[in-house]
Amino acid sequence: MARFLKSRIKAKGAAPGSLIFMGKQKMDNIGIRLFKYNEHETSEKEFKSIDKALKAIDTTQINWLNIDGIHEIEVIQKIGSHFNISNLALENILNTGQRSKFFEDKESITLLTKAIYYNSEENKITVEQISFVLLNNVVISFQEKKGDHFEPVRKRIRDNIGRIHKSKSDYLVYALIDSLVDNYLINLEQMGEKIETLEAKLDNPTKEISGILFQYKTEISYFRKTIKPLKELLIRLLRSKNDLIEDTNMAYYHELYDLNEQAIDAVENYFTMTNDLINLYNTNISNKANEVMKVLTIFASIFIPLTFIAGIYGTNFEYVPELHYKYSYFIMWGVLISVAGIMLYFFRKNKWF
Amino acid sequence: MARFLKSRIKAKGAAPGSLIFMGKQKMDNIGIRLFKYNEHETSEKEFKSIDKALKAIDTTQINWLNIDGIHEIEVIQKIGSHFNISNLALENILNTGQRSKFFEDKESITLLTKAIYYNSEENKITVEQISFVLLNNVVISFQEKKGDHFEPVRKRIRDNIGRIHKSKSDYLVYALIDSLVDNYLINLEQMGEKIETLEAKLDNPTKEISGILFQYKTEISYFRKTIKPLKELLIRLLRSKNDLIEDTNMAYYHELYDLNEQAIDAVENYFTMTNDLINLYNTNISNKANEVMKVLTIFASIFIPLTFIAGIYGTNFEYVPELHYKYSYFIMWGVLISVAGIMLYFFRKNKWF
Amino acid sequence: MARFLKSRIKAKGAAPGSLIFMGKQKMDNIGIRLFKYNEHETSEKEFKSIDKALKAIDTTQINWLNIDGIHEIEVIQKIGSHFNISNLALENILNTGQRSKFFEDKESITLLTKAIYYNSEENKITVEQISFVLLNNVVISFQEKKGDHFEPVRKRIRDNIGRIHKSKSDYLVYALIDSLVDNYLINLEQMGEKIETLEAKLDNPTKEISGILFQYKTEISYFRKTIKPLKELLIRLLRSKNDLIEDTNMAYYHELYDLNEQAIDAVENYFTMTNDLINLYNTNISNKANEVMKVLTIFASIFIPLTFIAGIYGTNFEYVPELHYKYSYFIMWGVLISVAGIMLYFFRKNKWF
Amino acid sequence: MARFLKSRIKAKGAAPGSLIFMGKQKMDNIGIRLFKYNEHETSEKEFKSIDKALKAIDTTQINWLNIDGIHEIEVIQKIGSHFNISNLALENILNTGQRSKFFEDKESITLLTKAIYYNSEENKITVEQISFVLLNNVVISFQEKKGDHFEPVRKRIRDNIGRIHKSKSDYLVYALIDSLVDNYLINLEQMGEKIETLEAKLDNPTKEISGILFQYKTEISYFRKTIKPLKELLIRLLRSKNDLIEDTNMAYYHELYDLNEQAIDAVENYFTMTNDLINLYNTNISNKANEVMKVLTIFASIFIPLTFIAGIYGTNFEYVPELHYKYSYFIMWGVLISVAGIMLYFFRKNKWF
Amino acid sequence: MARFLKSRIKAKGAAPGSLIFMGKQKMDNIGIRLFKYNEHETSEKEFKSIDKALKAIDTTQINWLNIDGIHEIEVIQKIGSHFNISNLALENILNTGQRSKFFEDKESITLLTKAIYYNSEENKITVEQISFVLLNNVVISFQEKKGDHFEPVRKRIRDNIGRIHKSKSDYLVYALIDSLVDNYLINLEQMGEKIETLEAKLDNPTKEISGILFQYKTEISYFRKTIKPLKELLIRLLRSKNDLIEDTNMAYYHELYDLNEQAIDAVENYFTMTNDLINLYNTNISNKANEVMKVLTIFASIFIPLTFIAGIYGTNFEYVPELHYKYSYFIMWGVLISVAGIMLYFFRKNKWF
């Protein structure tokens, strides 16, 4: 399957706005987990059925409903109708091939973001779509599969660390996206280290290295394309006058914007660096080729004429005067050595070796 | 004929605004088909004459008049005068070399869009101009030839699926353009898969592969140039305050815009990827050349000096002292093998093999 | 003379705003021709003297005064003072090295545009400056030399075709510029066809082809630089609120803008394509070099060792045991053929042939 | 560690807004130094404890509190709570991987800037984060380690030179940042000189030079990325209406902006130049390779045929008529010399040497 | 010294705003020259002391004070205090490494511009900073050294040509900058001609040509960087509402803007062209290398096998049956010629020669 695209063929002919799961099913059962907390208490529970989870929501506290797995359309539909989320937003949550996106309704804000996994062994990036719906006192997050991106946030809720318990649902969404962007930087760090170690290996350019370099380039391009739209999302969010986001938390979203900028900067630094390494690789290949050719030329240019001279006196002509002088053989050696010496001097003068 | 341009020579000297079909006639007879539907009923009929078709239009329902083939200027003119479409708009519909474009009158909106066909065997893209005129309760679509782009939409009308029956003509236009953009993504998926399979073949770079790579680059550039102007069209449409487009449907046009952005993103991903593959190809060629040259140099550098030494003792000088020692021949072999050994050691140390 | 610049040295030291003809005189005598027309009648006359031509102007009709040749400053000055055109505008008309430009006075609009001639045999583009002054009921056009760009428009005036007779002078200017932009597209078509035929020849890359490819690149760059400023001119014209341009004709100028965009698009398509062809050429050269080197390496690597072996037994040592065995010669052949066979197998396995 | 990124892993899971030192500890103890001055007097003192330093601040004068070393969070926290600086600002001061940034509160402005060190021997750039907090009559500067960037400013305060004693704290901040930007230009000058001396060495392209060229490219890219965000910072500062910056000092900040632009210009000049040198290097490598190959081809093409001819008459066939003519040997020499002469003439004519 | 930067080290530690001459002293004594003129009379005088010159200024006329040489800070200071020019402006006039810049005070406008000298023999560009201070009825110009840029303007003042005598000081500044921009175009013309003549020499690519091409590229980049900021200066000047510039003269400044655009266009044309020539050069080098290699391969591939065959029959085996047949030698010739013929046919078929 074309890697940079989600298969559209499934949806061909479907009415736009109809709910179709477009993506690969990455897990068997979907997981439903609800956090409820306020300044004083925290509760955490897993549910088998979405109906029960929805019933358990208590809007006097902050509720975080996390859904792992989005292939059961029915679940998504129930959540949608319960919270009055527009069909368009739901459709987007289900279509995992989207760019980062921002939707705003009167009662909810829907955010489509991307989590990035860097497999440092295969040197491949995989992208997961993570969507958030921000409502009054409720945050719903949708992941394609069970992941541990949000573990730090969960820990902070459980341990009542930082501002999270004192803040409203908009701060929770900020904290969740922040952990995603943090993850971009951590993945980049891993890629960066691997790229920087490649630099040392370029002195002896092998075919494997060129393959790896181009692979990095492709992955970093893909990384960049993936994280850049988050910038637009955040700009739109910062400009939005929605009551769901408190003015006092705007500074945090600004921070998030800066952090994302920093990630983009780093991606571009590594992109440029990879390009430079590829160019250096090519230059090294040329240097190597030149060396090889110099060796060949020196050997061939010295010995081919010498062989010719020896060949002359290997002819069987009846009358070759030189053959009969006593010192001919030694004179020949003298000529041969002189020729070789002159050639070597010439190559040396031209700095061939 | 220059592929990226429509022949302008036909129209040379014609007054601007006069109706001239500029393009290649792609079918013999034009096809006229009228859909009429409202929330309760649907009717579908083919017509031989445009006059009858125009008469059959019933503006209490939604009417979709589809014209396959635009080479009969008379037909276009009749439609134009019946619906009071400006000559400028009609001229643009007839001139198939246009970029995607947006026209607005008080009573109608004209949209020029592009359908893309990717012939995966010849690896060529062909572009068809598809124009829409949006009027109150009427949509007219013009295709250069009979195509099946709109089949999914027809099916939805026939089967009364989705919002289409409950919506006005602006939703129909949206659904039609949506099916075109969907098609961009499906075509891209096909191209993408082919490009990605090329990657594996680059290890053994042949001349054929380089030709194919550059062909992809040209096709993708052309693809990009073709779909980019749709963005401008949609921006203008989204900003337009025309009553023909209902506010409630604006969200759908926003969706369309996002889908097109996604297509542009994917095109650019594949463009970058093709470029990278071309560069990798060139690097592989250099690597290969280096290998070939190393083989040559190793063989030549070892055997040319050896041949010279053998040549020395093939001379017919009367007095060559070495020739008469009993073990000369074996000593020579010793020297030859030593020379070869030293050379091999040198090449090995320099990691030539 | 530097091709991309008009000689400034002539004007060195002259006061800005003084009228100096900066360009090459392209014809001997200037030609003066006046068209007068209204909805009912058309008259057309050539004049020897500018004074008589100016007297013949009848502002109850539309007057089109065409001047072929701009090297007689006196003529330009008389026109300027008769119509009260600013010195700055006149100076610009005379300086043929300008970019496309837009001037606006209360009573006149001056437009500097470019006509392009593509000499398909020498594969060179030449550019002519064509200026228009739009006044109430009067249009003056200045050409560097007698040309046939405007013949289609003249024909339409003579034959009373299209809207031209019913419109005011702004429509005439539109029609004239439209014929220039049309000409861009026609020239591009010719270039495009030639470029596309080059593609087939790249399989056998010769030195001539590389020269031609780079020539196309230079010409297309020049083409692009020449037509791009017309875009700015048209934007300024479209934004201008000048009464000289009627609102009803704005749509035509919009059309012109779109046509120019289409030309720019096509130029860029061909620019990209030429670049791709150059890259493909270079890749083909590398492929070819690789092939050549493989042939060399195969021949040298097989026969140099064989020659060495033969050389060994050509030595004249007194005691070479092998020489005296009866089957030595045949064994040598066996060894030679085996060595050659092993080498061929090795090359084959590495897909060298 | 990935060079272009600060390690994020430390902070993984921490609540945003919590104070964590993210960076490498670059010194053992932090240094605290307080300058107090007004138009008439200046005092300067080092402190061991931050509490005493804070107590010593006298807001009737201008106070400059400089902190060398930011790894003791407690110190930062005390400063923060004493001056009522927001946690967000403090967190940014501690996180040394940030881009240049601007924060504004009612009572304070926080500026994150970068100092650049160019190690001309190792040819590496290192970046230090330097943060400023501007308050009413107080400036606090944070450095990662003891540095001498600000020595010129200290000297001016001590010697009462220039406007500094007559101005408020905003002028001090200006003077401090100005000394950083000045340092950019001084470092650039050093890099520039080294790059320009490389140019002369390109005539004899060695492997070492290519490595150095690419190293420069990487460093200059990094330099550019580091100083560019200062532009945004200054733009935001210039647009800020904060009372902390007096209108009369705006001109100085404008100057600073221009100086930074000049630095960016120079960086880009050297970036372009390095790129050009790399391309010239590659071209020189090709030229060199061509020369080497010509030498090889001339020698091989002349002597291989000659050796063949000599080989013919080294055969031991019983009946070779030429062997028995008296002058055969001399005729052979004649043929050999003629062949060599013709070849040399051919190569000369083709300008091979 | 780093060519693209002025030495900042001099000023290190100096208070910003203090007057320090940053540049190379390009002449011994500074020259002071005052022009006074009005519509009726003109006077021109050289002064030894700035005090006398300042006294001689008569503000009922237009005064043009030209200073050649800016290394005597005292002179600049006296001018500054006499006309009440801000220290910041003076500091900028003295710092010759600045980009083109615009300062506006209530009573004066300061403009920093660049004059370009192209040394066509050394093919180097040198840049001089020329500053203007525009006051009511007074213009002061500062040149780094005695130059003849303004000779045309002086001539016009002396001879009372053009509008200059009838206009105020703002027109004089326009005329002076116009002569600088005119000079850009004249220098470009000279560079352009030299670049265009290089094109013909590329057929026989030598090392010298590649060096020259890259030198042009560097110079043209530098040219571009130098003249581009003038654009910003002019934009700011055009937008300025300063009373010192009369509305009627705005058209002239617009013209200046257009002229500068034309210069930038031309620079970019030549930049592109130089790039293309470099690429063509590289392609020609590859073509040449290919030719050389073909010659080598043809010779080696034909003669190496032949030499092998001859070598076979040069062996001294006792029993080689072929040696004793009478026609062996002639048969060998036949075989040799056949082998050579087959090889030639093969190379011919593959279009190697």
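For clarity, chains are labelled A, B, C, D and E in written order, and residue numbers in each chain start from 1.
Quick note on the criterion: contacts are C-beta pairs under 8 Å (C-beta built on N, C-alpha and C of every residue); 3 or more make two chains touch, one makes a residue touch a chain.
Just so we're clear, the structure is a prediction, and the values are computed from it rather than from any experiment.
**Student:** What are the mutual neighbours of chain C and chain D in this structure?
**Tutor:** E
**Student:** Fit chain A to chain C on CA atoms, both being copies of the same sequence, and give the resulting rotation angle in degrees, nearest 5.
**Tutor:** Here the rotation carrying chain A onto chain C measures out at 145 degrees.
**Student:** If you average the CA atoms of chain B and of chain E, how far apart do the two points sit, in angstrom?
**Tutor:** Inter-chain centre distance comes to 42 Å.
**Student:** Centroid of chain C to centroid of chain E, CA atoms only: how many Å?
**Tutor:** The mean C-alpha positions of chain C and chain E differ by 26 Å.
**Student:** Got the chain D residues that touch at least 2 other chains?
**Tutor:** Answer for chain D, listing residues that touch two or more other chains: 286, 289, 293, 296, 300, 304, 307, 311, 314-316, 320.
**Student:** Starting at chain A, then chain B, how do the chains run round the ring?
**Tutor:** If we begin at chain A and move next to chain B, the sequence is A, B, C, E, D.
**Student:** Within their complex, state which residues of chain C touch chain B.
**Tutor:** 151-152, 155-156, 161-164, 174-175, 178, 182, 185-186, 188-190, 192-193, 196, 251-252, 255, 258, 261-262, 265-266, 268-270, 272-273, 276, 279-280, 283-284, 286-287, 289-290, 293-294, 296-297, 300-301, 304-305, 307-308, 311-312, 314-321, 351-352
**Student:** Write out the stretch or stretches of chain B touching chain C in their complex.
**Tutor:** 1-5, 7-9, 11-18, 86, 88, 97-99, 101, 204-205, 207, 210-211, 214, 217-218, 221-222, 225, 278, 281-282, 285-286, 288-289, 292-293, 295-296, 299-300, 303-304, 306-307, 310-311, 313-316, 320, 322-324, 326-329, 332
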